[in-house]
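Take a look at the structures listed below.
Both of the next two complexes hold subunit A, though its partner changes from subunit B to subunit C.
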Partner chain A sequence: MSEIISKAGLRELAKEWIAQGKAVAGPVQTKPGLVMYAKLASADEIVWKGFVRPANSVKEFVFPRHELLCTYKMEGNRVELANDEAEIPAQILLAVRPCDAAAFPILDHVFNWDCRDELYNRRRGATTVIALACESHDESCFCTSVGLSPQAERGSDVMLFDLGEEYEVRCLTDKGRALFAGKTQPSERTAPTCMGPDPRFNPEQVKQFVDGQFTSPYWQEATLACLGCGACAYNCPTCHCFDIVDEGNSQHGERVRNWDSCQFAQFTLHASGHNPRPDQGSRQRQRVLHKFSIYPEKFGEILCTGCGNCTRNCPEGQGMLTLLTGIEHA
Partner chain B sequence: MSEASQFEPKIVAYVCNWCTYLGADLAGTTRLEYPANVRIIRLPCTGRIDFNLLIKAFEIGADAVLVSGCHPGDCHYTAGNYHARRRWILFRELLDTLGFDLRRIHFTWISAAEGRKWQEAVTRITEETRKLGPYRELYQKNGFQRPNAPPPPKPPAPAKTNAAAQEQQLRETCARLLSEGTVQVVIGYGVGGPVFVRRAEDAAKLVWDAGCQANLTTYLKRKEIKRLGKAAVVVKGCDERGLVILEKESQIDRQTLRVIGMACDGMGQPKCDTCTVHQPRFADEIIGQAADTPPEATHAGALDALMQLSPAERMSFWAHEYERCVKCYACRQVCPLCYCERCIADKNRPVTIDTSATPEGNFAWHITRAFHLAGRCVGCGECTRACPAGIPLGLLNLSLARAAEKHFGYQAGMDPKAEPLIGTYALTDKEEFIR
Partner chain C sequence: MPDIYTPDLMEVVNVRKQTPDVKSVRIQFQNKARASQFDFRVGQFGIFSAFGSGESTFNICSSSNWKDSLEFCFRKVGRVTEALWRVEEGDTIGFRGPYGNGYPVEKWEGKNLIFLGGGIAMPPIRCAVWYALENREKYGDITIVYGARTVADLVYVDELAEWAKRDRVRVIQCVDPGGQTPDWKGEVGFVPTVFERSKVAAENSVALVIGPPIMIKNTLPVLEKLGMGPDSIYTSLENRMKCGVGKCGRCNAGPVYVCKEGPVFTMEQLQMLPQDY
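And now, the complex of A and B:
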């Protein structure tokens, strides 16, 4: 037995959510050949099919690229600080890829580890994740190499499976059940299992290599094509580094949190001018080290969901997969 | 009272220390009255006024901006105002493409003796701005998203080059250069990305096919690549234009760099429709022969479609596009001509460009990127190709390239003897916009 909803029914439901004042986001055809997650003005904007995955990641809706932390006002010796107390509306992330949804529990660790990040948790708490199981993959996808799959339920409140005219609906949490209560019909049909990409590497082997081969020439060799932009990190569902900056003048301004990337030279530049990671080799090594060794040692899982966005977005066709599959031959 | 009569425009005037500032001073000491709407900011010379200051003034609430300095020939530093004039000619075109309201940006020459001219200029600008009302369109989306799609490009002419034969010859050439010891590394195209071939027997890793879109000359600036020794680089005709600029700006040494030019009939990129240099011209080794009839030199339809819109619609278009910018700086990193060791966007003492991916931060970054490439960009289109958010970044560069051609008959990277456009000036540069 399963629960289903017709495709038209789900569209109507999404319209209802928007009408209720909920922020709904999903994959949108940004321009020909480019699908990106974006906030929906209307439920008709969403594209359900015909692409492997959006070019950006859905983390932006919980961990925005630019976030106000507080504002300040200075007058003489008086400094006034004010937190941003703006209400966060309930938001629904619709037709999210399982590799995006799986990133949320991974990010939860980081933002609740030594201190509870209020802003992150506020947004996370207001968010319901409705994932749509993948039906296709491309040569950049590698979810099966990091323990996930096209139907992975991790991080989702609801999973949808395409049945042609309907979606099979599997509610996984109370949050999800609340959204779909009374909206689905029982059915005999369930979705067939979709095979993901063949595993491309062994994460254990990667960990052994990064732990043992810190000084290997491989890092320099394999990263010569890297130009040092942040396209991989900024479109990665799990990368979460940020920079805190003050923007304003001597009378008033804002303290904000912006995304940052370990691939920028500035990321580790000391005030003295010394840079402990002086080239792309050491910066790329850091990225692999963080994802496959440092984070797993701390939280027991890999900081990568195998979405392949790093490769798809790299102007020079590089990315995690290039680096990780090369380790075997290093 | 109506809103119009209540509105007092804020005008920021960037003036040079030696002429206009003294002119304004003279207006004061001779008791000439002029509206108190103008805030004067004194700078050493108009040649020293960073274009970012103009933008900043609007961001913090100015309704109009005035830039004023010494008359031509009067510059305290001989030629600062001539340099400024040339830059403003191009910068105005850039602002126009972005949809800034040019009626709010004024340029004048006012000498130390022209107190009355200062009085008149400020009075006139205040009145004009009062009529225009507050500047509310800055960085605003008014719902307008996209200009009419340009007509689809014509199907490419049948390729005359023989890619397989070219590939073979390319591999042989590289094997020769490496085994002779002429170079230590060949920067070329491989399967799925660039390769850096260092042994003659690896020359077979080089490929030549429709995937060879990247402009590999961008690797010449990277210290990771410089470390590998003397280099040869594989270029197409369009990429080669960038080398002309890099050499002029002393970034490469053509005595040691070997250039392997590949004849190309287009790679199916939008830029290829308007490309006029299918055949490399200055390379040390030229492989293949491209179709000898260059395409009609029509400029990209997307820019034409954009320029047919109103300024407010253009601004709305860019505001929508920049909304997706996350500041990954892929556009900067792929650009062969963005070679500064420390980019202005990374300078944080003080911050010139907000690091935030907000409308202000994004406009400031994209304006700066485009204008730092004014008269330099060779239109290789890498910025547009690299952008993960699909922002048509090259349009701004194209508009500047078009302006350089219109005003100065200059095409970057076409003539190795031509002096750089920015950094030089001519006494005859047109100044009809300076009053």
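And now, the complex of A and C:
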């Protein structure tokens, strides 16, 4: 037994959510040939098929690329600070790829260990994630190498499976059930299992290599083409490094956090001029180290969902996959 | 909703120009209730901000016994420190903290203390020196070797002179060759060599070594020759930081967040980490 909803029914439901004032986001064709996750003005904008995955990740809906921390206002030598008290409207992320949804519980760790980041939590709490199981993959996909799959449920409140004219609906949390209660019909049909890409590397071996071969020439040789643009990190569902800067003048302005990337030369540059990571080799090594050693040691899971966005967005066609599959021959 | 990144507002109560490009600034909480709750360990750091220019990370260089104010000290090198350079008494700046682990001052009790500092590394040593002097009976002999490029670059010189007058305290000041003035009474040479020729006894001692990487690197063999093990040599890492609370991903050195597990490490701990600092 399963629960299904017709495709037209789901579109109507999405219209209802938008009409209720919920922010709904999903894959949208932003220009010819480019599908990105974006907030929907109308449920008809969503693109359901014909692409492997959006070029960006959904993290920006809980961890925006630019976020206000506080405003400051100066009068004489007095300063007044104010926080953003605006309510975050309920938001629904629709037709999210499983490799994007799986990033949320991973990000939850970092924003809540030791001290809690309520700016993150308030957006996360307002978010319901409706994932759509993948039916296709490309040569950049490697979810099966990091313990996920085209149908992985991790991080999703609801999973949808394409049955042709309908979607099979599997509600996984109360949040998900609340959205679909009374909207689905029972059915005998269930989605067939979709095989993902063949596993391409073993994350345990990656950890051993990056822990043991910190000074290996491999890091330099394999990353010679890296331009240090940071596109891999910005489009990664799990990369979460940020910078804190003031934007304004000496009378008033905002303290904000912006996405940052370990691929930028200034990321670790000391005021003295010393830079612990002076080249792209050491910066790419850090990215692997963080994802496959540091994070797993601290939080028990890999900081990578195998989405392949790093490779797809790289102007040099490199990415985690090229770097990690090369380890075998290093 | 105040969040973990919103700073406390602090009033500047004192500004001292230490050298042509180094200032120390003393600040007080404007919120008196916050002031009475505030506590820290020497060796911890804060994130200090000039509104409109941004935040920067410095050691809290006052002793944790001084309850009325906090002090930090910085060299003018960039956007934020240029702005902090311009603050005057009565101005308002931001402060977040205290962050990091601090010095294990309880573990150091009963030991002789050797402080080795270079250049702008005096402030993070200064807080520990004052703490030890204020708990004098708990610590043995105190040796301070402090060097800078030139005589004009030495910071907290008045306090160095005051410490030298104290019982069982030896202060050795040095400047790099060429950095001396005609009336310079201290040593000429780099910290590791000056320390070696000063014949400091190292029995039952802990050493705190802070300074540029090259100074630390050349000081370690001298300490080893004196028989000090890597578990009794401490340093404070200076990895760049933004959040201070283990989230922004910047200060990792291998598996540790320097802002959480550090910034104070023994050399034994550092030997276990990849060379990423």
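Heads up, the rule we're going with is that the second predicted complex is superposed on the first by the 330 of 330 C-alpha atoms of A that agree within 3 Å, B and C clash if a C-alpha of one lies under 4 Å from a C-alpha of the other, contacts with A are read in each partner's own complex, and residues count from 1 in each chain.
Going forward, a residue touches a chain if its C-beta (ideal position, glycine included) is under 8 Å from a C-beta of that chain, and two chains touch if they have at least 3 such contacts.
No experiment lies behind these values; they were computed from the predicted model shown.
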Check: Is A:315 in contact with subunit B, with subunit C, with both, or with neither (first, second, both, neither)?
Finding: first
Checklist line | Larger contact residue set on subunit A - subunit B or subunit C | finding: C
Notebook entry, point to check: Which partner does A:235 contact after superposing on A: first (subunit B), second (subunit C), both, neither?
Noted result: first
Note to self: Once chain A of both complexes is superposed, is A:31 in touch with subunit B (first), subunit C (second), both, or neither?
What the structure shows: first
Note to self: For A:245 in the superposed arrangement: first (subunit B), second (subunit C), both or neither?
What the structure shows: both
Checklist line | Those residues of subunit A which subunit B touches in one complex and subunit C touches in the other | finding: 243, 245
Check: Which residues of subunit C touch subunit A in their complex?
Finding: 1-7, 9, 49, 51-56, 75, 77-78, 81, 88, 90-92, 94, 212-213, 238-240, 242-243, 245-250, 252-255, 260, 274-277
Next item on the list: Write out the stretch or stretches of subunit A touching subunit B in their complex.
Entry: 30-31, 33-34, 36, 55-56, 65-66, 220, 223-225, 227-231, 233-235, 243, 245, 247, 256, 258-259, 261, 264-266, 279-281, 313, 315-318, 322
Check: What residues of subunit B sit close enough to touch subunit A in their complex?
Finding: 146, 192-196, 214, 218-219, 222-225, 228, 324, 326-330, 332-334, 346, 348, 351, 354-358, 361, 382, 385-386, 388-390
Check: Which subunit A residues qualify as touching subunit C in the complex?
Finding: 69-70, 72, 74, 77-79, 81, 83-85, 110-111, 113-119, 122, 214-215, 240-246, 248-251, 253, 255, 257, 260, 262, 267-272, 274, 276-277, 282, 286, 289-290, 293-294, 297-298
